[in-house]
Structures are given as structure tokens and as C-alpha cells.
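Shared between the two complexes below is chain A, which has chain B as its partner in the first and chain C in the second.
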Partner chain A sequence: MSTPNFQFDIGLDLFPLLAATLAAVGCGLLGNFLVLRKLSLMGDAISHSVLPGLVIAFLIASTRSPLVMFLGAAIAGVTTVLLVELVKKYARVEPGAAMGVVFSALFALGVLLIERAAVRHIDLDADCVLHGQLETLVWYGAPKGLGELFHPSNLSEIPRQIYVLLGMVVTAFFFVGLFFKELRIAAFDPALSTTQGFNATLLHYLLMIFVAAATVASFEAVGSILVIAMLICPAATARLMTDRLLTQIVWSVLVALLCGIGGYIAATAVPAMFGKDAVNAAGSMSVVAGGILTIAIIGAPKHGLVTRLSHSKKLVRKISIDDVLAALYRAEEAGQTVTTYSLKQALVGRAVDPAITTAIRDNMVERDQYGLNLTPTGRVSASEIVRKHRLWEHYLVENAGFAPDHVHDTAEQLEHLKTQPPAGPTTDPHGKSIP
Partner chain B sequence: MSLLASIPNPLGTSSITEVHDQMPSTSEILQTLTFQSGYNTNLVILGTTLLGLAAGIIGVFALLRKRSLMTDALSHATLPGIAIAFLTATTLGFNSKYIPTLLIGAGVTGIIGVLCIQAILRFSRLREDAAIGIVLSVFFGAGIVGLSYIQANAASGSAGLNKFIYGQAATMQPPDVLLMGGIALAAILATFLFLKEFALICFNDSFAKVDGWPVSMIDLVMMGLVVLVTVAGLQAVGLILVVAMLIIPAVAARLWTERLLQLVIIAGLIGAGSGYLGSVISALLPRKPAGAVIVLTCSGIFVLSMIAAPSRGIVSAVVRRVRLRLKIEADHIFEHAYESSSNLISNTELKDLSGFRGWTMAFRWMLIRSMLNAGQAVRTNVGLELTNAGTHRGAQVSRNHALWEQYLMSYADIAPSHVDWSVDQVEHVLSQELVNELERTLSSRGITIPQPNESSA
Partner chain C sequence: MPVHPTNPESSQGLAARPEHSANSPLSIHAMTVAYHRKPVLWDVDYDAPPNKLIAIVGPNGAGKSTLIKSCLGLVPKASGQVEFWGQSYKQARSRVGYVPQRESVDWDFPVSALDVVCMGRYRKIGWCKPVSKKHKEAGLRCLDQVGMHDFANRQISQLSGGQQQRVFLARALAQEADLYFMDEPFAGVDAATERAIVQVLRKLKEDNKTVIVVHHDLQTVSDYFDEVILLNMRVVAAGEVNEVFTSENLHKTYGGRLTLLAEAAEAVARASSGSN
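On to the complex of A and B.
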């Protein structure tokens, strides 16, 4: 590409883009159930271990017909799951180690067989297995304009991989749509699923066969690395965005779409802007997926880092104010005056100054020349907190068997909860009256 | 045989373009095995053996810390580092093919990858499996982008950076071998010095923390060794398969022993053995990717271990099952004979039984052999005749049955009509201590089961 400006060329760019996006969407859809069942790495394992199945199927049948390839992959996928179970059972190691043993051994076998196959001048190649050959998906009979896009003579030139990927995506959507209820129950509670009459193990194997099939369909075009990235990243991103399964699936498909298109642009158009040659699109899609996930980890509405930090900050502030109010209330009870200095002495580790500022602003506390005092509204809130504290103390001593001199610290934490302690008693274990 | 011949050989030798592998002669094999087939081959064999030794030892600790697959993410995350190091060296005008620079880059991004896993676990609700998968695929994708960028845009081309993916043991140089040796030595030294500490945090890290051990420090030493082995293994077996060198020997050793020191020694030996054998095989059969051959050799040792390991192996598990079943079936025969007060099991009875209990011919033969060998029965014309020992065994089983039945009825509140079946399962595995205990417990409730009167049988 000598021109620094990137031009979208239907013949050169449409199919790679389409293939990558299809692969991303199909894998992203299936990945939801892997991530939920803590099986993400099973996807990783299977996408490595279908390799020998693929090569053996090819060497036996001497054809690259999709059916043969899928058969080889499905057998390899199920074999992987069975072997992992076997290693787990006999070596008594964690599932991760068992997977590691099985998939690395099978992958090594695959690499060896590929080298054998390569000797026979067969266009299977270990590198292409990893990062695909998107650039080979050229539409030789590409139409000049959009109007000719669906002309029959042009459609016949569409590369086989596109059909295979399209078939995979449609089947995956059918599978998920048809077994949605079963997949959902098995994802959250496999034992319940089995007692309800949906065999969770069977469903598990079916899912693994689909993962293997998706891997194979994507192999030629985008390579195994994008398969792993798309099985895990979109679903993980979606998992941070929502708590509902259906919404999560929609999110994951959208993220996968975005990864496919964004990754392709990042691989072709962005280097072109700097006058460089295009880079590997499958790899760049994985990077985009990682970028989107990072954004989700930081900024997701409920489970994001920012939200959670601001929640915990708010909570810390509320606890500080609660403590200031309670301290003022107790001082009032005892007839002592309270100054900012004495509060700081009493409440070590709390942000006293901002708490006082907020309390004064909210008209809970007022400052006079002697020190700090509660306003009538402040007194109501403070009495509520002290009431909770003393009720909790009472509860802990009477019902939880704590010694009276050990309850203060625990009650100090419980008083900030929204949960109400059981009402009724009028004095706390130390003989103070409960407001 | 003709059937086999009719199936086309999957590895096909019919193609014209096929270059036939020549089976190496015995003398060639011996030469290679004994380091007499040339300087370069010797370097490779020595290097991979040392690598296998180091990886085997360190893999044990990764396995016990449940970090097997984290090492996979680590090794995949080295790729962008290699690309970045190459580009940086090129930009700064250094020799971009200088291996140590590339390996340092690899180590740096590998460590960043591991830190990212920790960060994802710490700051999001994603679980470890997802975190590992994310780091693995995203970092590797970044590496692929880097490599393709170098391939397309750098003046010198990718310059064989691909070799780090699948490994290229044949390019091993004396410094590489020294590096492997150094790491193997470090692994042995660290194990020797810190075995107690490693064991402590592998088996109970919270206790170690409470007990005041510098857990994160020790963990760092272990993780550092894993990073060293991974980076050193990149050239030899490649970043996809280096995880196999760490995991497989450790898991294989786990089949052989339960003691940590033995585990470390066996895993080290398996790792070294597969490095040695694998590189010898790939030296004898050229054009085979050495990394894959080494890993497959290792897997072969693993499969053998899985089949033949003394107590956890498949063979011993099968033997145990058959023994138990023999015992149970024989128990039933003796019990039945004792309870029906007859010393004779006729041939027709045996035949009926074998249909009813689903014995195969072989099992029936073994069953009868075991009874004869134990001197509990003798063969006569009409069938099997119980000896005194046989009658005694029947009486014991029958009494155990009654004891357990009484126990279930009086302590577990199971209805008398429901106990028989579950007792049939348990009566065979009651130890003498348990029988004594049952006698004591039951007699405290005033229930006694009389010792069998064997002469009446």
C-alpha cells in the first residue's frame, strides 16, 4: 500500500472484514456460557487441541470439505474433555493443570502432524493455525459498485470460508436460541439442571462440540488466537456490564461486532495513516477486545472500578459523618463540650474535617464559640445512630452470647448498616438508655 | 492384516514428493545418545536436557500453587515483549537480533501479563479462568500484531522472530546452553535452600502468613524462577509448548509419589529425560520440529506414568477394583453356603450364579482360583466343597452382616425391612477394629450377636 490514505476496497477488504466479524460474533456468543461456567480455559484448551483432529481428518480423507473437518474437530473436542476428566481423576490435580497437560500434548501432536502434512505440499501451516490468513480472502470477481453486489456471477466467487463461517454463526445462534432455557439453568446450577431433567453433562459436551466447530470454522480465516480472544473477552466484558443473561448475550455480540470491525480498521486504516503496511488483523482484533475490556473494567456502570471506588468513598464519608454525629450526641448526654480537636482525638482514622464541613452544610451540626453542637435535625439523625448502636449491643449480649465489655467494636460497625436491630429493649448492656 | 492394508496410511508415504525418512541405524542412535554425533547436536541435547530439568523442578511448585495455566498466560505474554525489544533495538541502532535483548523484553511483558491477571482478579468480578484467558489471548494478539508489523515494515524483515512461537532448538548456541545450565542450577539451589518455605506456602499460605513468613517474597522467588524457565524455553520449545515442559513432568510425578522432595526429584528427572530423549529423536529424524518432539516424548512418559504408576495408575486402579469384586463375590458365596448350612456349591449352582451375578468366564475362573488358593474351598466332582477355613469366612461375613444390620436399626433408625440391601454393600469392608467397635456399641444397648457356631455348618 503505497498511498498513505486507506481506501476500502470491496475486493480486498470486504471478505476479510466479514470473515473476522462472523468468527468474532459466533465465538462471542458461545463464550458467554464458558465464562459463566468458569470454563474459559476449556475454550482455550479445545482451540489448541482440535489441531491434531483436524490434521488427522484431513490426512485420512484427503479433502478439506467442511464436514470432514467438523467431524475431526468435534471428535477432538470431546476427546479433550474426556482426557481432561481422566487426568483429573487419576493424577488428582486441579482442572487447570489437567487441561494444560492434555492440550499441550495434543497441540504438540498437531504441530508434528502438520509438519508431516507440509511435506506433502498441503497448504496447512502451523503459523496460519495461530493467526489465520485473512489476507487470502480476496474477492476476485469483486463488483465495481454496490449495485452489483448481489449479482449471481459475483456471488459464486465468494470464498468457501465465508459460507462456512456464516453456517457456523447461524447454527450457533440456533443452538443458543433453541436451548436457551437449558443452557441458562446449566450455566448457573448444573446439578439443578440435571434433577430437572436436562442432562447438564450432555449439554456440556454439546457446548464443547460447538466450541470445537467454531474453532475450526474460524481456523483458516482468523486463526486460533482470535478464537480464544473472542470466546473469552466479549463475554467477560458483557459480564461486567449486566447481571441478566439475555442482556449479557446481546452485549457480548455487540462487543464482538465492535472488535471485528474496529480491529480490522485498526489493522489496516491506522497503519495506512502513518504510511505503514497493514498489520495482522486477527491479532489487532484481540488487542481491541482487550482495550474494550479494560474500558469496561474501569468504567462499567455497576461493576466498574470507578463506580465501586466512588461507592466505597461515599460509604466512608457517610460512616465518618455518622461517627461525628454519634460522638456529639454522646457528649451532649454526658454534658461535655466538643471541639474539632477533641473529635479528632476520639475518632482516629476518620476524615473528621470533611465530615464536619458536610454536617454543617447539611444543617446537622452548628459551630459556636465553645465548640460543636447538634442542630435539632442533627439530633434526630444522631439519636437514630446511637439507638442502633445500643440496640445492637443489647442484641449481641442477649442473643449472640457476647460479653458486655466486648460488644462495642462490633456494634460500632453494625450501626452503619441499613438493617434495623430488633427493637424493644430500653437500656443497653452498659445501663445507658436507648433513645 | 488385509483390512489394515486397505486403509490408506494417514501419514501417507505414497506421494511422489515425499522424502522418505530413513530409520537411523543402531550405531547412529548410540552415537547420538552418547553425545558423539557432532558439536551442534551435543549442544542441543545438553541444552534441552538442562531446560527439562529446570522446568520439571520449578513446574512442581507452579502446580502446587495452582498456577499451571498462569504459566501458559505468562509464556504467551512474552511475544509482544520480543517484538517491542526488536523494534526498540532497531530504532536505537543496536543489533536487533541480539538474543539477550529479546529475552529481556520477553521477560518484561511476561511479568506484566501476570500482573494484569492479578489486577483483573483484584479490580473486577471476573474469575481466574477468564483473567488467564484474557491476558493470554490479548497479549499474544498484540505480539502477532507486532510481528506482522516488523515483517511488513522493518527494513531487515522479521528476522526469524517466528522461531520463538514454535521454538527452534537447532539454533542453540553455547551461551544458551550456559543459560539453561544456570537456570537449572538456580532451580536446584532454590529447592535445596527453600524447600521448607516452598512447601509451607504451597500447602498452606494463610498459615505461613500468620506464622510471619515473608510469603510474598517467597512467592516472588518461585514466580521469578518460572519466568526464567519460560523465557529460556522460548528458543528451544517455543512459547506455546513451553508450558508443557512446566506442567507435564510435575503432573506425571504427582502420579508416582505424595512426598514433596520425591515429587521435585521425579519431575526433574522426567523433564530432563524427555528433554534428552526428545532432542535425540529429533536429531535422528531431521525435519521434525524439536519442540513438539520433546513435548510428545514428555507426554509419552506421562501416559506411561498414568497407566503404570503404583497406586494412582490405571492398571493398579483396575487391579484394585477386580480384587474388591473378587472379595465381594467370594464373600457372598461363603455367606450363602454358611447360612444354608451346606458345605457344597454344586456346578449347576455356580453356573446359575455366574449368570445371575454377571460374571464373565475369566472372572469366574479367577474367583474359583482365589477360593482354592486361599484354601477355603476344594474342587470335587460335583462342585466346590468348603473347607473349615471357608466355613469360618462365611460365618464371619454372616456375623458382620448381622452386626451392621443391628447397628443401622438401633442407631440410624432404618426400618428393618430396608437395611438388608445397604448392609450387603458394607459387610465386605468392615475392618476388625470396626467389628470390635460395633460389638462394644451394640452390647451397651444390650444387643449381642453370638459368635457363629461353626461346627453346626
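On to the complex of A and C.
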């Protein structure tokens, strides 16, 4: 991946890349359950409200050791969830509002605490919380070649954040793997889960502790913007790609990997190609994540916009053709001649011209000097549609209590459905025979 | 969990209670439930006879779903106690099945019909173990019983409302419980599903199970059920359908709502003229 101006440097690039990718994968994995529980904003809430937890833990213990930070974050995470529940219940507001109130208040508290701490010359910076400090992850004793990568003397120089992130990712995978079944039932049907002895509330809090832990582990390196993006984007993208939870989780991890690596390249190598300085990698990863989600929203095979639009377009076209065939069939019954002009007058609002073109191409309709006629194949399809229409009319009058002169429009819609009306009758309410 | 024959005297709070509590699959004693300090259920006493199909009927807001949920510990009780075969819910948990209202879950969830049915077996499978082939086969058999075998691998959002309800029913069967609570299984289903549910209910009764169903259609109470609980915050009347499902009791339960009363009167007339 070398470019004219950019050279991957193990000392400078390996750890930021690794840290960001690990953070992305860990958060992406846990995000699946937030998205499924429609609690995506909870990730946002927790990632902001761990700030006062971190500051308070730091002020009490006067150390930034991972264990102390983790405890502070975990307590803050659970407190957030509890507070959100309380606000929801007693302020009687919707969950989104409850989360918004709680996390903005707690984050503000964190900022105030940092300011107080700054007065006492303690180094904590609210900006780092948002953007992280990826560029500080320099490997001072970096080996010159890949062959020496795992040399013991080099490993001791690995920054603490890498170990913390690695620990977080391994634990998160272990957690999801071990409790996959329990997390699934608690997310899908909390009541059944609880009655079976898998306390859904407990599992919920356990998950939230993991989200808080993942947040705080990722925080220092990549900042809360990337954390929020990674809790939501990979899982939301994956949800569009499949209808199975396990496949969704695999997809989300792949997407997170792609965001991590792709985002880093976009932040370093791409600006270098244009002779510019590297941009913030965490920010660039979030942008890549948003981009991937956008692509999935548009192009996902089953749930994407393109597929849905083309489905509905196909349906509209099929309905137009059905209507043309049925009109020709009815005219044939009545011994009338049909021209393109008379069809257009009969079928207002339908795209008649393309429908006729397609019907002729598919050998359903043929054109002679007098007008349009059904071919034998076309007649079979047309009689099927008219049959459905008239059976539905019969059903609506006999079984649904419609007046005979009010059924045509409803039957006109029902005839295009796959559902078959009950067979049996031989004439419709207007006395026409049912083919 | 093995079934321990319980001595009525040994379990707490049973001594002064009606004779058959320990045999009764469900006995509720002086239960009161409140939301925001407003009582939803007031001093409910009920002993369910074993091996019966039991309907809970009552107007909207009468506390029908709450009754079920508080029995299952999903809603906290303000006072009173609930016992299953003389045991606490925790002890009897694996013998009690539950079918929540269909609207209570997100049907867009990325799982197949079979995945959902297998959830009924999670307690048997236990913590942290994957769903084995044996349990999947059991799940398939349950889907078969409700006529949904061919839909096992469909994602649940692709099923019709009635089919979704049948998946829920299959999941209850997969629990292999002795007592079932079902919350409005007949709500908004098609005729085929209604028949399938009735079939399953009768099969459960044949297999000596007890089923308690929240039911909204007064017309069919006497056709589908043996017993009925008329509920409106408190138990207005409870017992065999042909004894307590009277227009007088319905009047007490539904108050002065005219349309409902007309419906009720019709139902009672049907019940007395041609019940089964």
C-alpha cells in the first residue's frame, strides 16, 4: 500500500491502526444488541456519561490504571442505564428523551469536574474524550522489519492502550459467544426470557457493563465519536445484509474491520497522495462507517433501496400489463375493438404504452390494422385475471356484505394479489360468467 | 426439574387455605397489583382446577394481562401470594409455559421461525450451551403440530399475523410445560389459525395440561373453554362455564356498556341453548 509520498511505518502507523481497528471491532460486535433492542442511543449515552465516572475514579484513586478507569466507567455505565429507566418512568417521557437528558447532564458534570481538577493542576482534557489520541500511540522501539515483529524486547514497548483494547475485544467476543443464546432471547422476548429463568433485566445490565467497558477501553485511543459510530454503523449495516442474527454479527465484525483499516488508509495514505498532511484517523473511520452504511442502505441485496424500488416498479409494471390484458379480454367478450387510444381512455393513471410494448414483446398481445388483440397465451393469462376479479366480486358481495355496485374498485385491487379468492361460483354479481 | 409431591402443611401459608391448593396448578391468594399506586388488581383469590381449559374474560383495562404477568413474576405484586402445585414460581418455573401477546415482540428481529420455537427450550438447554440438533428437532415437531413445518426457516417478519401466532404457540409447546398462560392468542388471527389454536388447546387438555387463556371473544367462550374467570379488577365470578357464564355475572363484569352487553346476552343465549 505504498504511495508516492506515503510509506507504512511500523513505529508510527501500526499501533494507531491496530488500536482503532480493535476499538471498531469490539464496539461493532456489542452494537448488534443495542441496535436490535432499538437502544442505539444508549451507546451514545454511555459513551458520554462515562466521563464523570472516569474523572471521579481518577480523583479518588489518583491513578489512571486501567482497572480503576474500568471500575469508574462500569459504575457510570450502570448508573446511566438506571437513571434512564428512572427518568423514563417518573418523568413519563419517551426513551430517547430520557437518554438525551441523562447523558447530556452527566457529560456536563464530567466537564465541570475536569475543570475543577485542572485548577488543581491535574491533566485531564475533555477534547481528548471526543477525538482520542491515536497519534500518541508511537512504538518507540519499533522493529525495522516485519520479521522482528514478535521479538520479546520489542513487545515490552507496546503501549498500554493496545493491551487494554485487545483485552476488551477478546472479552467481548467471549461474552457474546458464551451468552449468545441468552442475549438473543433477552433482546427478542424479555418476558419469556425472564420467565424461563434468564433474567432479561440482568442480561441487559450485563450488556450495558460491557458497552461501558468497551467505551472506556476505546476512549483514550479513538475518542467517543468513533465509539458511537462503531456501536451503531456496523450493526445497522449488517442488519441490512441478512435476516439471521449470527450472520449479522459476522457481517458487523467484517464491516468494523473494514472501517478501521479503510478509515486509517483514508486518513493517512489518501491525503499523502495529494501531498497533504494526514487527517484525524478516528474521524475518518467514522466517515467511512457512515459511507458504508449509506452504501448498504442503497444497495443491500434484500433490504436496500434499489431492490425495494425495483420490486415496486416491477409490480407497477405488472399491474399495468394485467390491466391491459383484462381490458382486452372484456372487450373480446363484448365483441368490441380495442385501440391504443381507447385503452388509454379506459386505464387512466396506468403507463399504457410501455405495458402494451412489453405485452407485445412477451407475445401476449398482437397488433393488426384494426387494433389490439390477445394472442392465445395472452388470453390464458387474461382469463386468469378476470376470473380472479369476478371471484373477488362474488366473495365481496356474498361474504363481506358489499353492495354489488361498490365492489369493482376493491376487486380491481384484489385481483393483483397472490391470494386466491375462494373458487366455486360461476357468475359474478353482475351476471357475467366467471372464466 | 423433577416434580416433588408437596405436602400442603409443609409449604408456608397454605394451612388455612381451601382443600386442593397443593394439587391446584395455580392458586392465587389475596393478590393485589398496583401501577403508580393505582390498583389494577384487587384482592384476587383463585384456585385453578387441574386439567382444564380456562378463559379469563373482562373489559379493557380489567387487569387480564396483569393477572398473568403478576403470576409469572413479570409485574411486582403489592401483596398476596401465588403458588403452583403448592410451590413458589421459582421452584415450578420449568412446569409453567407462557405465550405473550403477539405485539409484545419485534417481528423484524433477525431470527427464523424455528429459532423462535427453540427459545421455548432454552430452560431445558440451560445457560451458555448452544441449541443442539436434538432440541432443533423437537422444535420442528412443535412447528409441525401447528401446521407450520414448511415455514421453519422463514424469517419471522415474512409470516402473516396468524402464522406468527402459531409460531408462538409452537414455542409454548416446545416448553413442554404442565400449565400454560396465553395472552390473547386469538386476537386478530385468521380462521385457519383459530382452528389450529383450538386444536392445540384440546390436545393439551388430552395430555392432562392446564391452560389459562386471556380471551376477548365472548361468543366462543362456551365452545372453547371449560372454566371461566370473569375479571374486572377483582374476580367477579369464576368456575365452570355453564355455571358462572351468566348474563348477570357478565353484567357485573362489563358494567353498563350496552354494545358489549348485547353481545354478552347473545353469547349466553348460545351457551344455554346449544353448548357442545
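Everything below uses one rule, namely that the second predicted complex is superposed on the first by the 426 of 435 C-alpha atoms of A that agree within 3 Å, B and C clash if a C-alpha of one lies under 4 Å from a C-alpha of the other, contacts with A are read in each partner's own complex, and residues count from 1 in each chain.
One rule holds for everything that comes next: a contact is a pair of C-beta atoms (placed from the backbone, for glycine too) under 8 Å apart; a residue touches a chain by one contact, two chains touch by 3 or more.
Please read all numbers here as calculations on a predicted model, not as lab measurements.
Asks: Are chain B and chain C a fit on chain A, or do they clash, once the structures share the same frame?
Replies: Aligned on chain A, chain B and chain C clash with each other.
Asks: What is the contact status of A:Ile56 with respect to chain B (first) and chain C (second): first, second, both, or neither?
Replies: first
Asks: Check whether A:Leu245 is in contact with chain B, with chain C, with both or with neither, and answer first, second, both or neither.
Replies: So A:Leu245 only meets chain C here.
Asks: Looking at the overlay, what does A:Leu178 touch: chain B (first), chain C (second), both, or neither?
Replies: second
Asks: Between chain B (first) and chain C (second), which, if any, makes contact with A:Ile295: first, second, both or neither?
Replies: Neither: A:Ile295 stays clear of chain B and chain C.
Asks: May I ask you to decide whether A:Gly43 touches chain B, chain C, both, or neither, giving the answer as first, second, both or neither?
Replies: In the superposition, A:Gly43 touches chain B alone.
Asks: Is A:Val93 touching the first partner chain B, the second partner chain C, both, or neither of them?
Replies: So A:Val93 only meets chain B here.
Asks: Answer with first, second, both or neither: which of chain B and chain C does A:Ala229 touch in the superposed model?
Replies: Touch status of A:Ala229: first partner only.
Asks: Go through the superposed model and pick first if A:Phe198 touches only chain B, second if only chain C, both, or neither.
Replies: In the superposition, A:Phe198 contacts chain C only.
Asks: Which chain, chain B or chain C, is in touch with more residues of chain A?
Replies: Higher number of touched chain A residues: B.
Asks: May I ask you to decide whether A:Phe188 touches chain B, chain C, both, or neither, giving the answer as first, second, both or neither?
Replies: second
Asks: Among 5-13, 41-49 or 77-85, which stretch of chain C shows C-alpha clashes with chain B in the combined arrangement?
Replies: 41-49
Asks: Based on the A-chain superposition described above, do chain B and chain C contact any of the same residues on chain A, and if so which?
Replies: In the superposed arrangement, which is not itself an observed complex, chain A uses residues 38, 239 for both chain B and chain C.
Asks: In their complex, what parts of chain C are in touch with chain A?
Replies: 69, 72-74, 93, 96, 98, 100, 104-106, 109-112, 115-116, 119-120, 122-123, 125, 127-131, 155, 157, 171, 175
Asks: Report the residues of chain A in contact with chain C in the complex, numbered from low to high.
Replies: 36, 38, 178-182, 184-185, 187-189, 191-198, 239, 242-245, 247-248
Asks: Which stretch or stretches of chain A touch chain B in the complex?
Replies: Residue list for chain A touching chain B: 35, 38-41, 43-44, 48, 56, 59-60, 62, 86-87, 90-94, 96-101, 104-105, 107-109, 111-113, 115-116, 119-121, 126-127, 130-131, 225-226, 228-229, 231-233, 235-236, 239-240, 267, 271, 276-280, 282-287, 289-290, 293, 297, 303, 305.
Asks: For the complex, give me every residue of chain B touching chain A.
Replies: Interface residues on chain B, with respect to chain A: 8, 10-12, 15, 17-19, 63, 66, 68-69, 72, 120, 123-127, 129-130, 132-134, 136-145, 147-149, 152-153, 162, 165-166, 240-241, 243-244, 247-248, 250-252, 254-255, 287-289, 291-293, 295-296, 298-299, 302, 306, 312-314, 317.
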